[in-house]
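Both complexes shown next keep chain A, but they swap its partner, so chain B is in the first and chain C is in the second.
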Partner chain A sequence: MATKQVSATDFAVPEQETVKPPLLVRWRPFLIALPALVILIGILYPFVVGVAYSLTAYAFTRPNTDFVGLRQYQRMVEDSNFVYSTFITLAYAVSATGVQLVLGLIVATLLNRDSRIAKVLQATLIFPMMVAPVISTLIWKMMMQPSVGILNPMLNAVGLPSLQWAAVPETALFSVVLVDVWMYTPFAALILLAGLRSFPQGPFEAARVDGASFWFTFRNLTLPMLTPFILIVVIFRFMDSLKMFDIIFAMTEGGPGSTLMTYQLTAYRTSIQFQKLAQGLPYAIVLYFVIYFVSQYLVKWWGRAQRRAAGYS
Partner chain B sequence: MHPRLRKALTSIFSDGFLIIYFMFALFPILWMILVSLKSGTELFTTQFVFTPTLENYQAILFGDPRAAAGVVARVDFPRNFLNSLIVSSGAVVISLAVGVPAAYALARYNFKGKETLAFTFLSFRFAPELVVIIPLSLIYRQLGLYDTYFGIIWVYQLVTLPLLIWVLRSYFEDISPDIEQAAMIDGYPWYQIFMRILLPLVRPGLAAAALLAFVFAWNNFIFPLVLGASTVQTVTVSALGYISSAQAFFNRMAAAAVIASVPQMMLALSIQRYLIRGLSFGAVKG
Partner chain C sequence: MAEVRLDHIHKTYKGGVKAVVDLNLIINDGEFLALLGPSGCGKTSTLRMIVGLEEITSGDLFIGNRRMNDLEPSERNAALAFETYALYPPLTVHDNIAFCLRARQVPQAEIRRRVHEVAEMLEITDILGRKPAELGGGQKQRISLARALVREPDVFLMDEPLSHLDAALRAHMRVELKRLQARTGRTTVLVTHDQLEAVAMAERVAVMNFGVLQQVGTFDEIYNHPANEFVAGFIGEPPMNFLDCEPASQNGETSLRASDGSFSVKLPGELRSKLDKQTVSKLRLGIRPIDVIASHQASGNGVVEIAGQVYTYESLGEEGQLAAHVGGSEVLVVTSPDVAFERSQPVWLQLRTHRIHLFHGDTGAAL
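Now for the complex of A and B:
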């Protein structure tokens, strides 16, 4: 009878232990991640300080930390350039991301063929992305230059007129978006190419056997399966071009005039160049929250798209 | 149209488009190399045919006679190159030391707030840099960290740490927990399992992610621009110096650009297999 009782309790773990493992074990993930958490705090701290300073009128020349409420934000919204700045920030991001997505998809589709030329070229696809953005922008600036530039002679050679590129407001946005497209289309193409290569061959062969047209297959098979990969491209490229600084700064520092004064450029010019620290902060902070929420939304959408593409729902 | 003719035409058209695209993609790099080999006079008079010279490389590496005379803005390229090397490798080493364990914790343990924590690290990658570095430009001056290596390396964690954590997390998640379980049953403590079994399994991915983080740190511009001055000036910031003076020295700038970027292109070729996962922060396995 005694043996029976022992065997019954033998496998029953005392309740307290299942609920609470030893303290050190419970805290182990945090302990392991502790150094990274320290850095995390070291980066979040200036962010919080920045938000606090945006509620003052602090300037390097007049270090005044009196609380002024949302006056700096009000000032930003009432600034005569605010609407235009919003427009140019969005215009840059939308056009750069859009062109990269379309061009990247074409390049990826063409690379995803059994072609010797494609194989040779693919190895060099990564090059534009490896040069520092500010340095390759300077190279482009040199190519657009009226005296030593090569782009205008090339345009003239095919019968097109010379352009003044980033020197005039009409073509300034085009010039910087061109550099962005040059730099990051390879990123889009590489991600989308990885997507195309991950597809199972079955559905595509079935479509071929049934005599489906290229467009039919593309719309009904390729595009839905490619959605998670397209979203990755959009997440990275749209967020990055909303906050693009290097290309615009190296090309024109936001000019000519204020043609390319995006939020980032405005924040830099006001807070750092003009030393009015608090006045420029709202631009960076508003941009931060926009990017934070849009990226969170896109990441969730990506998760759903990925599950759908994998056939879970 | 005959199907075979149609197929051949499609193939020619496709290859033709690819060739045009790659001319667009590679021409600026080729042009950079060409201009770096041009003398000052040929910069203005010739396009593709010229007598190549190494005088630009000589000038930026061993000192420019005209810079000494005050004609050209003085750019101490070797010093800036060394600075880039110090801050980029410093940033990667610190990110590796703190990021590898953090990535492991995020991959293997389930704890409250795990996804929030992971997303916060990722949000650094997407945050507009100025939201952190405008206040830092003030804090660093108060702490005496402005224009110091430590200050720049610390802020570079914004670039290198999210990349390493997210890429490594995806590599750790690829390893079956069964391997660890088996080793645990054999009586190995967790840190030995980590060092002896897991780390060797992720080593190729780890090396590639570290190299990519190095390239991104090297290419960064805005952090040293705002938080550094003469002491820590990197090649990206100093490159502007060649064309900011009254007379632009595009050939010198091109030579500096070649030295600062060709090594990375070679590097990229060597880690090609791991690039897609690195570039997409582990989201695309490639």
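Now for the complex of A and C:
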């Protein structure tokens, strides 16, 4: 049997004369990408410069750019306050995010109904987010003022003793976390409410017919379906509160003593207030890497949770 | 197992939409009943009221002699297979089916036994470990049925269970559902807009339109003795022809004459005596397309034949479908495959007069 040999030339496209496109067309891809490149440079340049300065002994009072290796990092780790600073940074982030998540869940669940009052309350939720964080913190600070503030009389009215709030180490963390919670619980609630609203009604009606209690449905159905939204809240709030600056600074500037000296506050105080730029930078850079890796992990987890909530294994 | 009784049930939604109006219906213990009607006729609202997802505006609902109006869905022991399946997306097939048993704290061993039992009945044991999103429509549908059946409900309700399946699967599932119902012997209500489904599965059919129950009966009763013009036109495919007529007298015998004068028809005795008992001036003559015989020439054997003109003709292989203009109306005819027609040809239509249905011109009720 005769078989025809097939060769590559059988499929070759006849050669065409190539015409050079005009300059603008050739440059178009780069022009389109240009804004992104500019932004990238705006982000990358300070970062690279920051890393470079952290490898020197640069201070504003002694502008010395000699390379000193990782000495600044070593100094940071050996600092007597380093462990406490790590602890307070994490404690702030974990407690603020945790409380916001729980309260947000409760608020979202309560608002997830078709009543007029729910709609009105939902609109008022965004009020705390419309005030500049520093302003609301200063107002909270006034309210917490031990002698003239309004919070202590309110505590007394319900039979609780007065607090020294942010003025003493025992309640300082509680005070700033309280402000953070007031400010950002609505954010958590809105995201979670949006999640609840996006759910199809069918499965929840089926659960009612199946005779499942509120808790049973919440644990077995609502929570797994809500996990991607919970993780969005965690990603935003945890990242944000790890690097929280404005609330703590406006409330106590890191005090009393060094009670609230988180990484961010330490970096600011060392680099800017004490003008030792290179010595403060490692805190900021380590914080950057912590946030980077934690967010990477959370985003991956979020992707998995989303697939699972949608009904894939 | 229980009888379901709907007693003067009304459903009015916020905004005044009347979804169900004065519905009286008894679904016997162990019966398979289909609620049939076009979309928006109130059939799904009825189903949702029975299961408890929708409040009853007025009237009483009884399941097995217990008044159910104020009971939660979970207390009614009525299971619903949703049109959209409404499976629990994050749970495996096994956990979807086991959900209601777990919610009721049935012991673990019994859960396993019952889930496997129902999974075997529906042939889904091999997918018990999978998640809903990975499965096809037919499998999802079986899971939703399994979930409803595993509870051993008193009443089994299905809302358009087959509408999202492809044609072949639908035909297969029709048979399956019917067998399932026969096997379990449960009181079953099927909501559908598809008369084929209703005929294939249900023992009795309840036809609804605009929230009002039109007729209840076996399919034969409804097909052969439709209670009104709506039922007559809704049941049967292709739909029944309706022609405006008025009673006339011919040699002392009551006959029918088209309102536009295009034809007149002698009536068989039974219909004639029915017509004689009433005083109606306007009538609607209903005749099914298969009860009209079309031919190219008048047969001339004394039978009344109506002259018309071919409007369209389609050959469908084993039969043909002809639309003819008679006066101002259009008449659909199912023709035999031996004869073909051309557009605009004259055509003679002979009605099987004993198959004529007569309706009041104003009310649409059957005579």
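We adopt the following convention: the second predicted complex is superposed on the first by the 278 of 313 C-alpha atoms of A that agree within 3 Å, B and C clash if a C-alpha of one lies under 4 Å from a C-alpha of the other, contacts with A are read in each partner's own complex, and residues count from 1 in each chain.
One rule holds in what follows: a contact is a pair of C-beta atoms (placed from the backbone, for glycine too) under 8 Å apart; a residue touches a chain by one contact, two chains touch by 3 or more.
Bear in mind the structure is a predicted one, so any value in this text is a computation, not a measurement.
Three-chain overlay on chain A, with chain B and chain C fitting side by side and no clash.
Of the two partner chains placed by the overlay, only chain C lies in contact with A:Pro200; chain B stays clear of it.
Of the two partner chains placed by superposition, only chain C is touched by A:Arg308; chain B is not.
Judged by the touch definition given at the top, the superposed model places A:Phe229 against chain B, while chain C stays out of reach. Taking chain A as the reference, the larger set of touched residues comes from B, when chain B and chain C are compared.
When the two complexes are overlaid on their common chain A, residue A:Gly211 makes contact with chain C while staying clear of chain B.
Vertex at chain A: the C-alpha centres of chain B and chain C lie 90° apart in angle, rounded to steps of 10.
Looking at the shared chain after the overlay, A:Ile150 reaches chain B, while chain C stays out of its contact range.
Contacts of A:Leu221 after superposition on the shared chain: chain C is touched, whereas chain B is not.
Once the two complexes are overlaid on the shared chain, A:Asp246 sits against chain B while remaining clear of chain C.
Closest contact between chain B and chain C, by C-alpha atoms in the overlaid model: 8 Å. Within the complex, the chain C residues that touch chain A are 51-53, 72-75, 78-80, 82, 84-92, 95, 99-100, 102-104, 130-134, 147, 151. On chain A, the positions that touch chain C within their shared complex are 200, 202-203, 205-213, 216, 220-221, 224-225, 308-313. Taken in their complex, chain B has these residues touching chain A: 11, 14-15, 17-19, 21-22, 24-26, 28-29, 31-32, 35, 43-44, 47, 94, 97-99, 101-102, 104-106, 108-109, 111, 114, 117, 119-124, 126-139, 154-155, 157-158, 161, 165, 190, 215, 218-222, 226, 235-236, 239-240, 243, 248, 250, 253-254, 257, 260-261, 264-265, 267-269, 272, 275-276, 279-280, 283-286. Those residues of chain A that touch chain B in the complex are listed here as 28-30, 32-33, 35-40, 42-43, 46-47, 49-50, 53, 58, 60, 103, 106-107, 110-111, 113, 115, 117-118, 121, 123-136, 138-143, 145, 147-148, 150, 153, 182, 185-187, 190-191, 194-195, 198, 229, 232, 236, 239-240, 242-243, 245-246, 249-250, 263-264, 267-268, 271-272, 277, 280-281, 283-285, 287-288, 291-292, 295-296, 299, 302.
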